[in-house]
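Take a look at these structures.
First chain A sits with chain B, and in the next complex the same chain sits with chain C.
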Partner chain A sequence: MAKSKEELLQQLSDCVFEMEDESVAGVANEYIEAGYEALDGVLKGLVDGMSRAGQMYEEEEYFVTDLLVCSDAMYNGLEVLKPHLPQEEGAGAVNYKCVIGVVEGDTHDIGKNLVRIMLETAGFEMYDLGRDVPLISFVEKAKDVNAQLICLSTLMTTTMPGMKEVVDMLKKEGLKDKVKVMIGGGPISQAYCDQISADGYAVNAIGAVSLAKKLVGMA
Partner chain B sequence: MNSKERLLSALKGATTDRSPCICPGGMMNMVVTALMDKANIHLPEAHTDPNKMAGLARAVYDYGCFENYGVPFCMTIEAEQMGAVVDLGSAIYEPHVTGYVIDNPSQWRELRPFNPYGNRAKVVLDAIKILKKHDDHVPIIGNLSGPISVAASLMEPVNYYKALRRNKEDAHALMNFVTEALIDFGKAQIEAGADVIAISDPSGTGEILGPRLFDEYVVTYVNQLIDGLHEMNPELPIIVHICGKMHKVYEELNKIRADAHSFDSIVSIKESKKMMPAKIMIGNVSTYALEFADADRIRVLTQKVMDDGSDIIAPACGLGTKTSLENIQAMLHIVKESSMRLRS
Partner chain C sequence: MHTIVLPRQNLKFTYDIDVEDSLLNILIAQQIFIESPCGGRSSCGKCKIKHLGGNLPPLSFDEKQRLTKKEIEEGIRLACLIYPAADLEIDIIDQEENHQVLTGGYVPQYKRDTAIWKKTIEITKPTLEDQTPYEVLFKKVLDINHLPWDVLRQITLGEGTYTAVFNQDMLIGLEKGDTSEMLYGVAVDIGTTTVVASLINLRTGEEIDSEAAINAQKNFGQDVLTRITYVLDHGKNGRDQLQKAIVDSLNEMLQTMCGRQQLSPSFIYEVAISANCTMMHMVLGVDPLSIGKSPYAPIFVEEKDISALDIGLTALSSFGRVYCLPAVSSYIGADIVAGAYVARLHNRTDKVLFIDIGTNGEIVLSDRGKLVSCSCAAGPALEGMNISNGMRAADGAIEEVRFDNEKGFVLEVIGNKTPIGLCGSGIMAALRELLKHNFVNARGNIVKPEELEFGDPRLSYIDLDGKKRRICIREGPQKILITQGDIRQVQLAKSAILSGFVALVNAMDLTLSDLDEVIVAGQFGAHLPVESLVGTGILPKAVQEKITYIGNSSKTGAFLALMSLETRHEMVTLARAFDYLELSVTKGYERLFVECSQFNVT
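Moving on, here comes the complex of A and B:
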């Protein structure tokens, strides 16, 4: 007997949550073949699993390495479901675009990668510039793709002033109100965020999601 | 007591006239632009010239910053020797890896065999020899990048971290290869005259790995490294610095056979002393404060870590290159001053 939709959604969610990156594709195929909606499979299955993993991370039961493997499972499932997503979806809706990267002089990108994954999970269209990113590139890319949000990360005090430079460049270009800047990383604090007039600081990848949504007015 | 006797005694938990105030070097950078200007020796040149490296290390002591010499000033030498491409940075930015050698741990056999006497490794050894020749009672700290951090510099770190769970066989083979290389480099540093070895393994933080992987990889390979170094000299003091929060991994940390541990400023010295009663604690004055606060605040923070029971006073991490000499000197100043108060 075919499994119910709820049963398969639960399995998709569990595959992500339990890091079953190899079996998730099989479950996703089974889900599609049964004729269930791909969008639900993504949101109520895969994304739900990732959110549960994020919850465990907040409770310090999961760690960064766990989330990385969970995200592998999520992406493997997405690959199967994506071609079946309705095409018109997003045409009328707002696409929230976000440019992310580690500022110039710093190569520590684990935290940035995690934030990218969690924001992607939350529905943002992500433009990841990588690490050791020339400061001007953030502004150029944001203009280029019409992004509403720039996320800057650094782990070192030496490279923190680069964040202020990006904010100042946006001011100079008259983009400060249009493009929000959120910052994070080891030495960063709310006080520093206020000091450089960035729009928000998040203490970790989970906090980054709610902050990003708030900044761009995502429901 | 001279600086060397004081530090070596403190690292073994023996009585000293007062706490030493040090900054090991390596990842725990202590070279700032103001010091480069005073000494007229600059980075990145000093990364590749043993005389300049030794000169800058000596300037740290001569200008009243810290009571030790320490080399090198980066954590890229080991990965570079195994084939990674390194950008030596500037006076402001530290050297960093720009090109990886392999894609994932299963390719570890493609890594270049480590030559502890090659290229920039040799610069470090020569710098240690130059410092040693002066024999001026200042302890020389040789620095190694920790096994996790070196391995995570040879490939995209995300691939590395995932393999620690997904491909344990190759991950362990890679870690063994890297650790044996580090033992060779560390032994060469001891042979050249290093009095202490500091191992900094920021990528081995429990925040990324969690307790299970921390135990399986950090504890295993840092201990393999320490045991390897102790073959040269069983008494050689070893410092281990690991970044990030520690509250989830204290039990595992206690298995590491180091004499002394150094932590990030996020870790409370009071708590770590309680959780690791047998260990010497080093640290941990906020490097953020050192770079962005004033000297008065540094005096308060330094006094606080002393009151909390830190055995050896040091910055909590590598210093930002724009940190003022005044702030750095304030640390040592208050350490000396409080010992006078103690005696009177």
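Moving on, here comes the complex of A and C:
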């Protein structure tokens, strides 16, 4: 007997949550073949699983690497569901766009990747510039895609000043109010955020989600 | 008159009771030397002897402070605190054992061929008939073409015996009289945290004394990156401050050793320095900024042979030299080149992996002499930092932990004091026990109390902080807890090192079982027993039987550079032969990192 939609959504969510990155595609296929809506599969299945994983991370039950495996599972499921998503989303819906990257001079990107995944999960359209990103690229990309948010990350004290430069460039271009800047990484603090007049600082990838939503006014 | 017998050394002598004379002084008067870095001021606890027979005064307060319970039970005493008044039978604790922390380690064979050498000459007084300038006289006797002007300045009233000091084929100084017996150098390892120096008799290769100190740059930041950032924020002035801090430390250490050995610093002619790349830049006053940013290119990596005065190093001969060992890159510094050389990685015929564990873990793999290296950012957790109850390895630090169902957690504490926290080896030992006794599962999670059966002995150690679980390894007014967050910190470090290890082995198309030896280097590594290294999964179980320790091979490399020009040349060649594997751009690295984060892999 075919499984109910709820049952399959639960399975999709569990596959992500329980790090079953290999079995998720099978479940996603089953879900599509049963004729259920792809969008629900993403939001109420995969993304739900990722949010639960994020919650566990915050409670220290999940380790960074656990989250990475969860996200692998989520992307494997997405690959199956994506072709079945409606092409045009409902008119009038705001697309929140975010440019993210590790600032110039730094090549550590695991933290940045996690933030990208969690923001993607939360519904942001992400533009990931990677690591060791020339500072001007953040501003140019944000202008280019009309992003509301820039996320800057670094693990090294030596490259922190790059964050200030990005903020200053936005000021110079008169974009400071239009584009919010969020910063994070090992040596970053709220004090530093205030000092360089960035718009927000998040301790970890989970904190980054609520902060990002607040900054862009996402419900 | 009383007798002291040292049966193991087959020595026997007599002494007169004098309330002023400690056992240490009595022994020194007999030319029997015990390590006593503080000079008998009862502050270092190093001058240990074993009491075998005869009456000794009761244990003093300071001895109780400085000796462990085990040592006290074994009859260990401190010679500087005992004022004997009876016939005694004692044993001297092995000098080597005492030295081990500072210098310890394997020294390979070398051909003695020091850069610094001396030649004694006779200069006859010029006469009115023959007014040959001294310059010409010296040149002729020494058979050299050129007499540097700074050496000329050392010539006073000319005739008599002189000793010429050469650095390779360069005359660097002239000393009045025959000083050929006096030829000393210092081998130095500058670590980010500690600095170690050994005073070496260049004529014999003998290590006369050694000294360790905390790197005074710690005031500018604990890790390399923070210190580089200090220079970034303070410019040239910051660079000068950092250079002065380390050079002052070196001057002090040289003076301390000379004082203890009653040696004039003017007979020290060369200081050979091994260090990581950042420390080498900083001691020479070279801008370290580029090391701290991608693409992490340093200003220099080649060997340096310079005047000691140029960097402000003054506690040696006024024409003394500084030799800096060559490095490979920002990550693979002279310390690793030295280690690879001491371990003979370049001419091994088998497959051997060399690992220096610290804030950064550097790994070198030699596949029958072909070398490839990588560096992993382990973070400071392994050294007891970023751990809620973490501390440096000092008095009160837990350094070893054992668990059994009957006794619970049994702790070994440095200085036998009330435990205050865990040092690096302590946190490792604790995690090892937690994993072994299933307090923590392979994913690094502390077991949930609700999953344990009633009466499970583990239950009484799990401490709840709201929803979060912690493990209490010591009860009492000052609880010592290991939190889930602490375990995550160590897990990150372990993932970084193990994944580097495996990536390197993979890159050479080898498997873990192909390795014939795994050599653990460095001060910190020396404090990590195989049981902890493998038990926490920093090193894979497959190499358990193959782990050996090489001690402070960085300083040994500096020692070899002092003693043998041949080794210098070989180290320069070796440094050029390194390949480097950049992990972050290695295919599949993130996946490997994830796999290596589990505690049950390999």
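In the analysis below, the second predicted complex is superposed on the first by the 216 of 219 C-alpha atoms of A that agree within 3 Å, B and C clash if a C-alpha of one lies under 4 Å from a C-alpha of the other, contacts with A are read in each partner's own complex, and residues count from 1 in each chain.
Following the convention adopted for this analysis, a contact is a pair of C-beta atoms (placed from the backbone, for glycine too) under 8 Å apart; a residue touches a chain by one contact, two chains touch by 3 or more.
Computed from a predicted structure; not experimentally measured.
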{"item": "Combined model on chain A where chain B meets chain C, clash or fit", "value": "clash"}
{"item": "Partner chain in contact with A:Asp177 - chain B first, chain C second, else both or neither", "value": "neither"}
{"item": "First (chain B), second (chain C), both or neither touched by A:Glu33", "value": "neither"}
{"item": "First (chain B), second (chain C), both or neither touched by A:Met156", "value": "both"}
{"item": "Partner chain in contact with A:Asp66 - chain B first, chain C second, else both or neither", "value": "both"}
{"item": "Touched partner set for A:Gly105, first chain B, second chain C, both or neither", "value": "both"}
{"item": "Chain B clash site on chain C (candidates 3-11, 75-83, 417-425 or 471-479)", "value": "417-425"}
{"item": "Overlapping contact positions on chain A, where the chain C interface meets the chain B interface", "value": "60, 63-66, 68-69, 104-107, 109-110, 113, 132, 156-159"}
{"item": "In the complex with chain A, residue positions of chain B that touch it", "value": "89, 92-94, 96-98, 157-158, 161-162, 164-166, 206-210, 213, 243, 248, 287-288, 291-292, 318, 320-322"}
{"item": "Contact set on chain A toward chain B in their complex", "value": "19, 60, 62-66, 68-69, 72, 104-107, 109-110, 113, 132, 156-159, 186-187"}
{"item": "Parts of chain A lying in touch with chain C, wherever the complex brings them together", "value": "59-61, 63-66, 68-69, 104-110, 113, 131-132, 156-161"}
{"item": "Chain C residues touching chain A - in the complex, by the definition given at the top", "value": "225-226, 228-229, 232, 289, 292-294, 377, 443-445, 467-468, 484-485, 488, 491-492, 495, 584, 590, 593-594, 597"}
